[in-house]
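A, B, C, D, E, F, G and H are the chain letters, set down in written order, and residue numbers restart from 1 in every chain.
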Amino acid sequence: MPRVLIRQERCKGCELCIYACPQHVLAISENINEKGYFFAEVADQPRCIGCRLCAVTCPDQVIQIGLNGVMVHYYDY
Amino acid sequence: MPRVLIRQERCKGCELCIYACPQHVLAISENINEKGYFFAEVADQPRCIGCRLCAVTCPDQVIQIGLNGVMVHYYDY
Amino acid sequence: MLIQSVFAGFGGQGILRAGQIIAYAGMAGNLYVSWLPSYGPEMRGGTANVAVVLADEPVASPVVSTPSVVIAMNRPSLEKFAPMMQTGGKLIINSSLIDIVSERDDLIQYQIRANDIAQELGNPRAANMVILGVFQAVTGIIPDETVEEHIRQSFAAKPQFIELNIACFRHGKNSISQSGINA
Amino acid sequence: MLIQSVFAGFGGQGILRAGQIIAYAGMAGNLYVSWLPSYGPEMRGGTANVAVVLADEPVASPVVSTPSVVIAMNRPSLEKFAPMMQTGGKLIINSSLIDIVSERDDLIQYQIRANDIAQELGNPRAANMVILGVFQAVTGIIPDETVEEHIRQSFAAKPQFIELNIACFRHGKNSISQSGINA
Amino acid sequence: MELAFKISTAMKDVPTHYCPGCTHGVVHRMVAEVLEELNIRERTVGVAPVGCAVLIYNYLNNDFMEAPHGRAPALATGAKRARPDLILYTYQGDGDLASIGFNEIFHAANRGEKITVIFINNGIYGMTGGQMAPTTLPEQVTTTSPDGRDVSQTGFPVAVSEALATQATPGFIVRCSVHDGLHQIQTKKLIRRAFQNQVDNRCFSLVEILSTCPTNWGLTPQQSLEHIRDNTLQHYKLGILKSPEEV
Amino acid sequence: MELAFKISTAMKDVPTHYCPGCTHGVVHRMVAEVLEELNIRERTVGVAPVGCAVLIYNYLNNDFMEAPHGRAPALATGAKRARPDLILYTYQGDGDLASIGFNEIFHAANRGEKITVIFINNGIYGMTGGQMAPTTLPEQVTTTSPDGRDVSQTGFPVAVSEALATQATPGFIVRCSVHDGLHQIQTKKLIRRAFQNQVDNRCFSLVEILSTCPTNWGLTPQQSLEHIRDNTLQHYKLGILKSPEEV
Amino acid sequence: MTKVLMKGNEALGEAAIRANCRNYFAYPITPQTEIAEYMVRRLPEVGGHFVQAESELGAVNMVYGAAAVGERVFTSSSSPGVALMSEAISYLAGSQLPAVLINIVRGGPGLGGILPAQSDYFMATKAGGHGDFRLLVLAPAGVQEAADLVMDAFDLADKYRNPVMIIGDGMIGQMMEPVEFREYNTPEGIDRSYANTGAKDRPPTIVKSLFLDPQQLENNNLELLAKYRLMEQHEIRFEEYAVTDKMDVLVVSYGMMARICKTAIDELNQEGHRVGIVRPITLFPFPSSAIYKAAARARKVIAIEMSTGQMVEDVRLAVRGRRAVQFYGRTGGIVPTPAEIRQQLLKLIK
Amino acid sequence: MTKVLMKGNEALGEAAIRANCRNYFAYPITPQTEIAEYMVRRLPEVGGHFVQAESELGAVNMVYGAAAVGERVFTSSSSPGVALMSEAISYLAGSQLPAVLINIVRGGPGLGGILPAQSDYFMATKAGGHGDFRLLVLAPAGVQEAADLVMDAFDLADKYRNPVMIIGDGMIGQMMEPVEFREYNTPEGIDRSYANTGAKDRPPTIVKSLFLDPQQLENNNLELLAKYRLMEQHEIRFEEYAVTDKMDVLVVSYGMMARICKTAIDELNQEGHRVGIVRPITLFPFPSSAIYKAAARARKVIAIEMSTGQMVEDVRLAVRGRRAVQFYGRTGGIVPTPAEIRQQLLKLIK
């Protein structure tokens, strides 16, 4: 079971992760973080397939992907 | 009738004209000019076909080719 | 007469333009003026601010290290500039975005819900004009018409926005009672 | 004691090497020495020259503007340096290539057919050693053996040439009668 | 919980000064990951450029020196020659590398310096506020090409990798992009190869990365990535332009 | 007597400082002839390099400015932009153009400056006494490669024309040689085209000419020409690398 | 002409255009990039030429080229960029070419910072390059003066066939102030016979600084020296303010720093102190004799700069030991406040 | 160690090698190319590294790189090449990196000529670059001293983490003189903690000159300033010769020029005149107080340089108005003769 971990205080709300996610797991929050950005949040965790594309695309090291169990190997990274 | 005109005081004796001449018209003199160079001289004028290669190759503007009559057009220059 | 003011906020809040309008109007009003934006690296993504000096003698230093008037459009601006102000200085706070006031008790503080008012008047981007109105109210050394004239000039390229900006300016100006803090 | 000499000629005549041998020998003889080649653009295709100073006190200026000894290996060298010489200076002329002498009557002039002699002795390139011999004869402040020793060192990489060069040096040295001009 | 994607230990845990969505951050992370994966962080020295990435030493967890504008390859050369056991890389923008510093990169490549170059081509001078770069696209509006780049006056975009690839000295020269996941994955691999070449003492390596500058392009981060896909890629072909195996 | 070959009026009637057999003189004469033939001498400004040709203004009969080492293309750019009616050419050696000044030539070419560049590639620093140039051949002995150029340390010879030809801006880039009569004749024609391009306001033009330095190669003038034929041509292919018609 | 409110950087560019300069070559660098951004719009309107160069080396050498063909031309940069130009600036001076160079100084050394500084005084006045040469250096203290001096700079460059440098700091570049451009007419009879304009009906001109014969090179140096002496006779400019007899303190300060000093001085004088200031406007030639005279009328002398102490050497040279010259400076982009200066002056007064 | 006869350029290179410097990067330029030609043979013998750089910009920035990884390194050039390095030299100083730079000065400005000159004094001592920084500058007067000072230069560079410049002229580079290399041992305990040697078991090191916060940048400047003050306390070197009471003339001159002056002085003193000389060996820090004291013992003071007058400013600063300081100079590659100097001194004596 993959889990998307978002360090919201680091997020700059660029939305790149949201476009990157093939499963539409992520969305922009209605709240702002301390820096004044509307941050990314997980909108639909169960859809997540753990592909890591959101993390690969995030310019600000906001996202980590947690895993319980076996990882599906979509691509080497 | 082509004629090779050599400004001997300008010649640096590099011999390039001599090697360039297809007709072996030119040679190095046994005398030196004011600058201390053994200069080029015409050794066998009648063989000259007026091809101008000696003049084209001379790095020191030593050689001009005079012409009485029609020039044989070996190449554009 | 010497007004050493700082207009501060996020980039994009129209802070530099507000300062410029005042500087132009000051010049038109025969004052000596200078306008000096911060151009440090803090520009990027962070705060933008501009020092505007209005004086009846030539301006010595365009750098304002102890402002007499500060417009704080966001919280970092308030936190940065309030401590530097002169005693008795006037601190104008955009209370739409800032939920605190300065702890200093030697300042005159004005709170104005600039974003909300602008939004209500129909142009959320004109918060800077609302707050400019407050500035005009608390300084009042340039005739209102002159400032309004320069607001018009500043938006000459987008005439459809002129009246709305003027309205915001006036609203800001009138929202301040002559004496003291306003919520 | 101060010898301010200039060795001058075409590039390729071994002028710099001759000067170097003398400088080395001078140093070995516990003299103060300096060796300063001209490195101007005249190098290319033109003349080469080197100023060699030998002294019993530290050398002040390695630049020789009024030489006391000049070796002229070709005509341009003679024409350039003879006029600069000190009164009483010694001018050594390679008469194989120079058919004149200086017009100055306050110099001691030596003519030596350096190229011809070298040729006769079997190495046309050793004209510099012939003339170095003359230099040794007319200055004579370094023991002959010391100079010869440094000729040997200078040709250490080509031992087959050593003896011939020594022979040229000796011939040059001995071809000068102790007093005055020699043809 | 196990992490299938975690933050590289070769990066410092601090926020960057980059604008939201700027891909400098993406490439930073990839470099850090490679240093970690190849286990070379502790013998790696980076050379910071002058450009938006001038503060890269605040983010990556390896030793750094800061170069005068454009001269990073010369610094890396001096450092690598003096200490061949260290891993040297430069991280340079297109103003830095393709404009003022093109001579240094060209000659470092041509001498075959065993260094790794990360070249961020975002087609603009980010740090100074959006002036035209040699790599700016035709018709692109910048503060010094306000009516769009006029190729008749300023020339066509400079193709650095192609120019370097023409030279005979063996090297690894590639162009890639970070405009979508696929390309990001590939870019990471190429960066790894570029460092591996150095670990193996093989050759000069340069990875040109098509990158964004949302702020000065006047686009959102997402639009910026699309701009690469739709426009930049017309002018800049991706691929391995030269590899040491070939030569 | 009519003259079938006469000394160009665009040259001053003075001896040069060049070494015997140095082909700088050959190219000088060709440039002069072209200025005369195209009747442009009176509106032509040359830019002298730093190198053996630094005194070119003593020999050619047109206006001249003298550039800092390597910067001739920048001077020509400034002059040509300020006075587009003038004909601007630079005359540069390989140290000047391919080493210290490569950035200036690269960007002048890339901007498409309408200037003419005569590039004398003799594979060595002539003026300073024979040090290695970026264009020095592998194994070639110079004073700074006393055991022969070691390509593993100093890289392979730089190919300027190839590097410039990769770029998209239209231009005329050719490499030719003066090592025999045939090639000399061709070189002259290419020089003429390079100036004609400018007269027609067409494009940037560069003529790279393989040239000799008998003095620092340690060869006779004749051997030097043979050296080009037998060795240099192995590394430097002749031909038109780019022409404005193509693009 | 009417007064307009203008950014210093833009006023510099506009003044150049009004001084009939049609050529500008530059490379971006904070805090003066607005000059380029302004010129790229304005020059085409007047038929001028702008190239964004590949580097400052490219820019300054394009300036060389345009100057050599006899056209007015300028470039601008900030400290590291100007340092890069050093070799070429020496060439410009050696070849006796007129050109205008603008340095909007930022904190150094090295990459330093981008905030205002005056730490390139030495580079401007002594040795921004190799060999014996000098630039004529003008230091405005505000946007209006900057605009005026740019116009003068082109005339002075032509008059002396020498590069002229305008030195400002980040404040001058970035601030807006009212400015009125004066009517400008290019002086008549500028001699352009040196220029490369095509050898038509005349022998070729050669613009160069190479003189292989040392005597000729010395002659060139003596020609340069003679020009510098002439500048010292004719071009020295400075402002005196509150210079009176029996001053407590004489301040010497230039550029924006001097303006800040003036505020402090006004305050002090209102309180009954006697503080005056000499503000050099030409940094080379330096107003040595004015300073010498003013110093003689003061108990104490202090040089105040945004540097660790550069102009102070010229002040000491000017004062010739007659007074000890104190120094106060801030660096790295820190702009001293009037209050800070006031405090320093009070220390001296006591 | 035995004495060998050696060209100055080669002795400079050999001394560097003996000072355990293993890295040299340079670009050819007359009159110092022999250093490179020597190093290209010698360095491989000792496992060192030489790169013929693409330009002086390349060379000096390679120096930066090698210095940043904590290795001894030097470069050499001549005037125009050194001017090109200005920006990078400022970076070296700003980043507090040790390195040795050699300038074998030739006539300028511009391309100038290739003969000996001293016209880069300003560039070496005041402002070979932007911002507030100084090089420690050493000026040998012969081949032996050049070799000795090179060894010292590396130690001084390490001691102060500051670039050190050796400034000579074409004569020093080209002449051969006897030289004996002293035993050299690298001082113990050089602190290399600043260096980029790989962040193993320690936090990363950062070699930089950028400080965006002006207070930090000012701090860096104050650190630099403190080093320069320390140099002024501890590193001043000069030679006094024939300095006595009641001198007719005190000469101040450096480098080879001073040697030439000494010959003239010897002659004059033998004739009964009293002429002395102070020869600065460190040009920065400048031996001001020695000159001040010596000047007090002389009727007249003259600075003699192969320039149109640069060091003379520092002499005037040193003398603080106590004596008028005369100047005599030749430029452009002309080396004054002892006779010429003698004549100048005689004029003053009368």
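Of note:
Definition applied: contacts are C-beta pairs under 8 Å (C-beta built on N, C-alpha and C of every residue); 3 or more make two chains touch, one makes a residue touch a chain.
The structure displayed is predicted, hence computed values, not measured ones.
Between subunit B and subunit E, the least number of touch steps comes to 2. Counting C-beta pairs in contact across B-F and across F-G shows that the higher total falls to F-G. Mean C-alpha positions place subunit A and subunit E at a centre distance of 25 Å. With centres set at the average Cα position, the gap from subunit E to subunit F is 34 Å. Centre-to-centre, using mean CA coordinates, subunit E is 38 Å away from subunit G. The set of subunit H residues touching two or more other chains comprises 30, 51, 54-55, 57, 80, 87, 91, 95, 110-111, 114-115, 208-210, 212. In subunit E, 19-20, 54, 66, 68, 99-100, 102-103, 106-107, 111, 134, 154 are the positions where the chain touches two or more neighbouring chains simultaneously.
Residue positions of subunit D touching 2 or more other chains: 40-41, 45.
Against subunit C, the residues of subunit G that register as touching in their complex are 3, 5, 30-31, 114-115, 170-171, 174-178, 256, 259-260, 262-263, 266, 335, 337-339. Residues 41-45, 47-48, 54-55, 57, 61-68, 71, 74-83, 86, 88, 103-104, 106-107, 111 of subunit F touch subunit G in their complex. On the subunit E side of its complex with subunit A, the touching residues are 1-7, 11, 13, 15-16, 18-26, 29, 180-181, 184-185, 188-189, 214, 220-222, 225.
Considering their complex, residues 50, 54, 66, 68-70, 95, 99-100, 102, 125, 128-129, 131-132, 134, 143-146, 154 of subunit F touch subunit H. Those residues of subunit H that touch subunit G in the shared complex are 79-84, 86-87, 90-95, 105, 107-115, 117, 119-120, 122-123, 126-133, 208-222, 224-225, 307-310, 313, 316-317, 319-322, 330-334.
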